[in-house]
């Protein structure tokens, strides 16, 4: 039985694919001159879509529109990327790191994009970073938190234009301390995957310095996307604690808050949430007042007033009928960083479309201002950004039907980020040596 | 206690799944998606009710109605329009059909309701919470337990105490035979599937107030109700009840005692049950083959 | 005296209230062709199922060549040389007649090779030979699902014969075969058995077939052996007349 | 003699594909590599299906192979891709052999669900163990292939060739097994296990054999995928992974080996394009595609190719191959 008859057919299919491919590549080459093809990868489906993916995608759309019109404020007022029209290809991040590697290869090798901005999930970032380096293509990670990416490897073509997760928890701890919040006992609830576990680790290490006497109550690790927290709520209710720390986000956080509130869990404990701003618009009055929240940066209601921030909020508001939250800010940072890098690279190479090497060279150690404050590519040999952040307390304002932030304290970049020569965990354990706070 | 609350939620969801399997011999993966749809529908309905200025108590009715609506629209459509075309295929193939259906419904829900979350915590607030043995218990949880009990009892009663129910049992036992005795199998199938859909939607609808309704709801539901149904024994109602309790207990024990195994405690239980009682806790022995 | 090939001693089996086997004692000498008769529910098939290990008796022993096989699995018993055919033929409907026999031949080998072709000459010749024994060669390439009931019956028996069993149990070999086909079918079966050194027990309703093809007849009634002897003796037995043949004809 | 012919066909296919690969752009080489790698896992499922088993836990062996291939470099400093593949395969096969005796006691949906449970337990373990990178998984050092080191230039093509060779060899071995006595026995067990036992053969052992082969192929697949991606993650063991693999298996049917790889390639193409061009509805597209295939190609793609002309031959002399299907 000639069991390999089909291989002939496969070859036929290969041939036809070839044809398709060459067409694609030609097309790519033809446009390459006047346009800059930019792949943008973020969650368009799945649990992270609503909290991070879609706001980020919205911000990306806004940036493309504004940049191409050249209507962004200086220094971003040059049309497109250095005159080149930005052509965006939006890809869904849902489906796991393995799939992302394939999609990224497709973007670079089939769609011939000039650069890729993307990735919310730490796992995805870890998976794709080596690929970009292998293919020698330019990649900017805009959101994912895990410090591992630049502390365990030093990719050449990969950058992250936002602080890693260490900052979120360090700033929380500093805030607790500087507001003399009494913490004798603490409950923790974090998701049972990298983000939750890392955040928990950072926070505990930080607390060990700031509050050596603080005792651990419950330390729960519900599974990602659990949705139902009945059991957790009663465990937490059983162990009274001064604060309840959580790095939950999105639907899980909303679910936890709703179910906890329904059972009066937060009446006598202060919520300390490392990344909560994006759930406030949905929760409104269900968000317990006085909860201490971070936004993984000086974003949204925690952001500082500045012309560029006002412009961003206004234009985002008008385009998407909502206030931008953390993911939107972070996407914007990435766009602005790339724009700056591309344009300074073009200034050097005489206005030609820069190669990935040139863009990378220009981005390394660069500094640029964004709605979320100044970004400095200071860590990981100039590939990892540090930025300032802010923490605040929530207060529901019935009049405007919005949750506002009060007692907002902002932290300088050097205050909450490790120095270039230290791994974040060591730095936290060592008690933040060399941190510059004012 | 919360074990029971969780279990009762599980029961409502997996009851539908086990019923559908019992009658149609289909292990329905799309069950989870329907659960999600139910949640969305409830969210919409309650929002509507509130906007119409109806009393909050009415939101419960609204949720019920939404579940019914989902059932009568989605149920017959899927069964007649889709599944009916695949009857007589291998169990596993049918499983795949529903898997495909699940993928489709995932996107359909996204197209209909978008990716933004919906909140309907009003009903949950209706009940406030009661202090019990030093810890607060959501009145809504108690309500859910009651709801589950009612669902279970009604199903049991209909199946065992009414003629139409007896017909269904007959079909479960032996479709060919009952067909030859003039039972309208098609109708039984449609009804059974619709009821299954209704229970899934109901589960979703009454969970909606406790969570934020948004994409990604369905997957966990599928797996966990699989586990329940397998543990209880495919197609067995009291089995679903016991299975739900077992899983609920296993989970909350895990959370209370050793949180680190919570992630897969359920599968351990399921594997254990399958090893010691392959046909699940409640499953009649197979007929003689020769 | 020569000891029997198979001896069943005091077999008991009850399903709830129904007594399917009540202290059954049967010895089968090697080479005998015997038949078992009895009305439906008399316990014929139950007996066959106990001998072939599908059912385990509540009490009693079954001995084959002085090995106790009472507690062995049906598979192990088949391995020891008791094979059977079925009232409703048990075949692989998707496979062809020849393939079904190749399965039987492969099964007879004990451990099946992972790389030797299933229809390598040796195996194929054996399979074809079996087909020819039952004059089925013309169906070789046809999927079983396309074959008529009578052909399936013969195929089922041919498969049972593949491992050259010591004892072959045929469960109603002519049931589901049209009346005028019954005789020719039995003729073929018996012809096929000629040069096989096999002891045959077959369950049958049809008295003519019983008296024509068996040298010994055992009559069952409600789980008990009510008569055991030559066809003529058994037919003459009043109990048999009232309970079995009388009922049958 | 038949096996010789299929061996010849296999060699031919390998050569043709390797040459065709030269013409293909990098992304296509990679796409084929991935689909062939998945194809191996699917082939495993198909072998099991053909032997009367159904699994929803193939992801487990996929993950075992992948993690094995990912860990041997760091733990034992094994750099060679081929060696890693061998190890990945063996590890998966070993675990498969450990569980086989337990699993073969079940059939149909219970068998499937038990495999599902096992793979999800592995998923849990992998997501927990920070040593193995937790839920983020771990990256793998680029392998060397028979001494060659991979640069960005040749990496895709070398891996492509390696995968083609492995797949063709595996495919040929499977076709030999399908023609073998054990292979025929597997078909019989699928059709009528009780009868097989009444013939004195062990249906369980046959099913066990199919399962172990399934595990081995799953491991191979995982090991190749891991090195092609340069990254492994617990998701490999998640039920969704298994679900897609099973789908491809059904898509391919159990008639012909090449159909498996064709189906895998087809799905890979559909997926990668639909995901890129309609990101918001790619699941929908996939679902519809699945339904249509199940509806119109119940026998899978394998039935697209007319079975060799044996039905026309005079049945008396015809000697059908056990592995060829019925019309």
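Lettered A, B, C and D in written order, each chain numbered from 1.
Everything that follows uses one rule, which is that a residue touches a chain if its C-beta (ideal position, glycine included) is under 8 Å from a C-beta of that chain, and two chains touch if they have at least 3 such contacts.
Bear in mind that the values here come from a model prediction, so they are computed numbers and not experimental data.
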| item | value |
| --- | --- |
| Smallest count of steps, each to a touching chain, taking chain A to chain D | 1 |
| Leader among chain pairs (count of C-beta contacts) | A-D |
| Reference chain A; chain at largest CA-centroid distance | C |
| Central chain of the complex, centres being mean CA coordinates | D |
| Distance between the centres, which are taken as Cα means, of chain C and chain A, whole angstrom | 74 |
| Distance between chain centroids, defined by C-alpha means - chain C, chain D (Å) | 42 |
| Intercentroid distance (Cα basis), chain D paired with chain B, Å | 33 |
| CA centroid of chain A to CA centroid of chain B, Å | 36 |
| Residue numbers of chain B (touch at least two other chains) | 106-107, 110, 219, 260, 263, 290 |
| Junction residues of chain D, two or more chains touched | 2, 127-128, 179, 194, 280, 282-283, 321 |
| Sequence positions of chain A contacting 2 or more other chains | 44-45, 192 |
| Chain D residues touching chain B - in the complex, by the definition given at the top | 49, 54, 102, 105-106, 108-110, 112-114, 116-118, 120-121, 123-125, 127-128, 194, 239-240, 243, 246-247, 250, 280-284, 286-288, 290-291, 294-295, 298 |
| Chain C-facing residues of chain D, complex | 2-3, 176-177, 179-185, 187-188, 191-192, 194-203, 206, 209, 310-311, 313, 315-316, 318-322, 326 |
| Residues of chain A touching chain D in the complex | 1-11, 13-15, 17-18, 21-22, 25, 44-45, 89-92, 95-99, 101-103, 105-107, 109-111, 122-123, 126-127, 129-131, 134-136, 146, 148, 153, 192-194, 197, 224 |
| Complex contacts: residues of chain A adjacent to chain B | 44-47, 49-50, 53-54, 192, 219-223, 225-228, 230-235, 237-238, 250-251, 254-255, 258-259, 261-265, 279, 282-283, 286 |
| Contact footprint of chain A on chain B as seen in their complex | 1-3, 5-6, 9, 106-107, 110, 115-117, 119, 121, 124-125, 129, 134-138, 140-141, 207, 209-212, 214-217, 219-220, 251-252, 255-256, 259-260, 262-263 |
